[in-house]
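Two complexes, one shared chain (subunit A), two partners (subunit B, subunit C).
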Partner chain A sequence: MKKCFFIYFLPLFFAITLLVIIVFKTNINSFLFQPRSANYSIDSTYHYIENFQGNQYYEEQFLLSNSNSENIFLLGSSELGVNTEATPYNFITKNFKTKLRAVGHAGNQCFSIYSQLLANENRLNNAPIVIILSPGWFISETANGTTASLFLEFNSSRFLNSIINNDSIANFKQYEIERISSFYDKIINPDLSLKILYFEKKLSESFLHKIVYFPFIKTCKTLNNVKLKLQSNNLKIKNKRHDRLPIISDSFIINWDSLFTYSKQKQIESCTNNNWFIYNEYFNNYIKGRTSTVSIVKDEINQELKDFKMLVKLLKTKKTKASFIILPINPCYYRNSNELTPLIKSLESEISLNNFSCLSFWNSDSTTFDNGILTDIMHLSSYGWYKVDKFIIETYNLAK
Partner chain B sequence: MLPFSSFEFFIIMAIFITIIALSKYFLKSNYYKHLLVALNILFLAVIFPKPYHFISLILFSYFATYIISDIFKFKNKIWGILILLLPMLLVKFDIRFDFYPFKLNNILSFAGLSYASFRIIGYYMDKAPNEKMADFVSYFNFLSFTPTLLIGPIDRFGRFKTSQDIGFLSINSENFIIGWNSLVKGIAFKYIIAELIDRYWMSLYSIESKEILHLANNMYSYYFYLFFDFAGYSFMALGIGKMMGINVPINFTNPFVAVNPQDFWRRFHISLGDWLKDYFFTPLYMFLTRKKSLKKYPITRQNIALILTFLLMGCWNGFQFNYILSGFLFGLFSAVHNTYAIMCKKKGKDVFFGKMNPKIVKIISIFIMFNLVSIALYIFSGKCPL
Partner chain C sequence: MKITNSIRFFLNIVIYTLIVFCLYYLYSPLNEHPNNKTGSSVQFVYQQF
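Here is the complex of A and B:
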């Protein structure tokens, strides 16, 4: 027994005591685990970031105005990676006083965007936000909604904590909890904030769950508060601007017709080995003359559609100046794209019912399709982006 | 929450151990299994992510085994095996239906399905034709015992039942200390060593790099990572099991010093090696022995059985090329070694090393085996860019 005490219980007791001291004594904790570099410089002229995971110091600037001009936020997925002169974060930012910041890459679907916006719901009122909807989100596997790994790329503990600590958004928070719980088990080593949200869902399942999870959620919340305290010490960003600035209308005349004609001609010229208007290299490497079909998912099991509806509801409730762009898919490549038309129509009607502006490029008829609008099978060409630029400029009155 | 996925799991296990230890003083020894089943159900129902799936699998396998072996009395066990493996096969084959556009895995798959399937097959194969079905409580405990729920070891029903029957008696300070040591060893393996390898060794070079030094680094680091991660799990399961009164079989004993493939599978994932030997290799070898065309070729029979056994092991992980190829490689190593061992036996001398010093032979064998295993596991990882 004596041996047991000295070999097992005493070291365990010391280990636990040490752990408690390190965790709860913020100054010790801060000293031990504080990141070494104290200066985090943020490029205030940034136009586009792929995600927040590698750019966590931009989280603080998300949905905020600049110090002297308004920012329009463009959220979307893979199409944002097509970096041309016409892409809005280049074209608008270069030519207008009001800037445009884009966030997203492949997989940043409705629930990921919903969560990013919910985390910053206090910045949503009147915020000019443009969301690009890709039809690809609503078909086959991707209709299952944002994947766990992609969700985490865009929604750090910082964002999730602001959802946890916000009691004014009960319905939206509940949806967030439900959705996170649906993929929680796919997350390896979940963060405390994720655990709290998951445990909250579990807590509501039964009385037994309540008994089991109550102590866990309390422990997680306590540890999370310690962590938040530390983080707030380490992440202090100056010159934050929380009030929205008016959008300035520049005296700027754009000859859209000539831009459209020129860019469309250029796109068509790059597609000489096929008559589907897909640029040569892509056609040679990936398409090789083959066609494909879209796998339609019924509305009842289409998680992405449910996420989209919640996203629209959130934007409506928070009175954002939101607008949507619905991308097309190449009707020559996707033989049955017309089968997707009812779903696209339902997206359009949901948007218009909530009085948001929408630019829909959707057309499943290959004979009337605006050739040259896409560069491949689902990504916009410069011609397509100029159309988007025009829509944004007109919707937000950027030009007099 | 999955077993071993977060510190809350260990708190739950500490509570379970305390309940069992205290119950020893209030309950008769034959109530141990009932207490254990209550705790296992509690874990499945409240903590485990897909409780209905797991409980349905237990019910399905129990009644299917009863129908197959006691009512229809199938003589050829292969049909019974296929029926019992149905849930796992549906997941592994990724079958899709028109009415459901997503992967069927999304609804059918759940953590621990593979290991549970192995245990189910083990029970079915061990059950003699006229033997009575196991009592449902013991069967439920066997499949749902929390520490081994997720990642094994692959226990046998008979062994588990013996251990369960003396559950309360096994709870004493001596076993507690053995369990505690094993748990600490597992924690150190999994959360310290494997974590350090993952963070600082495995990530040294890109997995896409084809430079020979980078490939070697990625290959060896993966072998060490896999061992410490997997052995860590097994030691933690063994430790918690011991403290709860159940003897969980040892699954790893220093595979790095294995001298040949046979020795390796006696040291690395022992329970899987034993399972494959007893339920696949031996019946397959017997089947091949009955084939007239192979009667004159005993070595070929053995080697075919070995290669097919390891191919099955590869397929168990999934029907991807890397798993199948690594399984084939392990089979090939075993077949080559088997031929070599038989030739040595026939000629009464070592046909490769001759009269070389046995100590040097051992060192060379360890070196060769270590590298062969590293290559096969590197392919298994799916991270090999070649």
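Here is the complex of A and C:
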């Protein structure tokens, strides 16, 4: 036994001890492991990006002001891909000193936005943020909330590490942990930041879980810290509080009535093969005269609704200058859109209870629906976007 | 016998240290391998949203 200890265990103990010392020696690690600098394409004057996809430059610019003017951030999903002259990231950026930057594409729902904002919570105070809510998020399968793949497009380990290392947001962090754990099993080969958040959830389940998972989370946290030190330039988000610039009101006169009339007319003219005001190609290729119904999900099991409430809570707590836009759906195509009205009303009341401005386009009555506001069944036309522009300009006092 | 054991002791130290460091090097503290991807084709579902 003594011989066995001397020949086998003592050398093993020595080797492991040496390794532990090396693991904590940053200079040895940085000599042995040099991080590769990421090679991303960057457009420093960007107005719209679909996602971050781990692009460090765009992540760093998120929610920041410009050097001499303020940036309004517009967050939403597929509607942002409708790139017209009227889309706010074109219209406002072109005509005002204050710029507007948009982030998002299909599926960028409440929890994805919540997590992006939470990772940058030090930039939220007074930040002008406009969130576009699509009714499509709250129905059928999409009511299950942001999917894992979508979440990862917008929330890199850089963002997640910022949440992990921030102790001032305990209850919001707990929600992040709960939600990530709900889709953790769908992620193939998760990285350390995701593992830590998952193990945090496991740790909170019972005393037995605490005993079993403690060594795992401790190891992950140690290795994650080594990684953060090695990639300090790439991974860390500066914790300095961001001072926002005042929004300057430009002397800019816009004849909204003529813009609305002209754009509405243009939209109606592009819909000659149907009386649902859907543009011809879309109607021919996808609708073909068919109608559909929305699949309503009960509030109690509507994860997207829970995510929305947490998002509003976060914006309120962090004193953000947030505003919301609620999109409509085409009531001619969706026969039972009126069944969605109670849910939309609850969104509106949650927004107004928290004193945020809201522009709601919701109308489930096809006889009074503002025809031409949509280009297809749920995406805004230029006419709709001009209405959004007017709302943003008035909410943030962009024009004198 | 004593000399053999001492040699084996030092030999084991070298071998174990090499193995442990080799594993650490292969793992790499940069932890770049995890791809954080899902196997879902969820984008297809979102075409309408």
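In the analysis below, the second predicted complex is superposed on the first by the 346 of 400 C-alpha atoms of A that agree within 3 Å, B and C clash if a C-alpha of one lies under 4 Å from a C-alpha of the other, contacts with A are read in each partner's own complex, and residues count from 1 in each chain.
Note that in this section a contact is a pair of C-beta atoms (placed from the backbone, for glycine too) under 8 Å apart; a residue touches a chain by one contact, two chains touch by 3 or more.
Because the structure is predicted, anything quoted here is derived from the model rather than measured.
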| item | value |
| --- | --- |
| Which superposed partner A:Ile268 touches (first subunit B, second subunit C, both, neither) | neither |
| Partner chain(s) touched by A:His209 [first = subunit B, second = subunit C, both, neither] | first |
| First, second, both or neither for A:Glu141, with subunit B first and subunit C second | both |
| Touched partner set for A:Ile296, first subunit B, second subunit C, both or neither | first |
| Partner chain(s) touched by A:Ser149 [first = subunit B, second = subunit C, both, neither] | second |
| First, second, both or neither for A:Ala399, with subunit B first and subunit C second | neither |
| Which of subunit B and subunit C A:Ala15 touches, first, second, both or neither | second |
| First (subunit B), second (subunit C), both or neither touched by A:Asp191 | second |
| Subunit C versus subunit B, contacts on subunit A by residue | C |
| Which of subunit B and subunit C A:Gln231 touches, first, second, both or neither | second |
| Residues of subunit A contacting subunit B in one complex and subunit C in the other | 8, 141, 188-190 |
| Touching residues on subunit A, where the partner in the complex is subunit C | 3, 6-8, 10-12, 14-16, 18-19, 22-23, 29, 32-33, 35-36, 77-78, 106-107, 134, 136-137, 141-142, 147-150, 152, 157, 186-192, 194, 223-224, 226-227, 230-231, 378 |
| Residues of subunit B touching subunit A in the complex | 2, 5-6, 8, 11-12, 42, 45-47, 49, 100-103, 106, 111, 173, 177, 180 |
| Touch list for subunit A against partner subunit B, complex | 1, 4, 8, 140-141, 143-144, 184-185, 188-190, 195, 202, 206, 208-209, 212-213, 216, 219, 295-297, 301 |
| Residues of subunit C defined as touching subunit A within the complex | 5, 8-9, 12-13, 15-17, 19-21, 24-25, 28-40, 42-43, 45-49 |
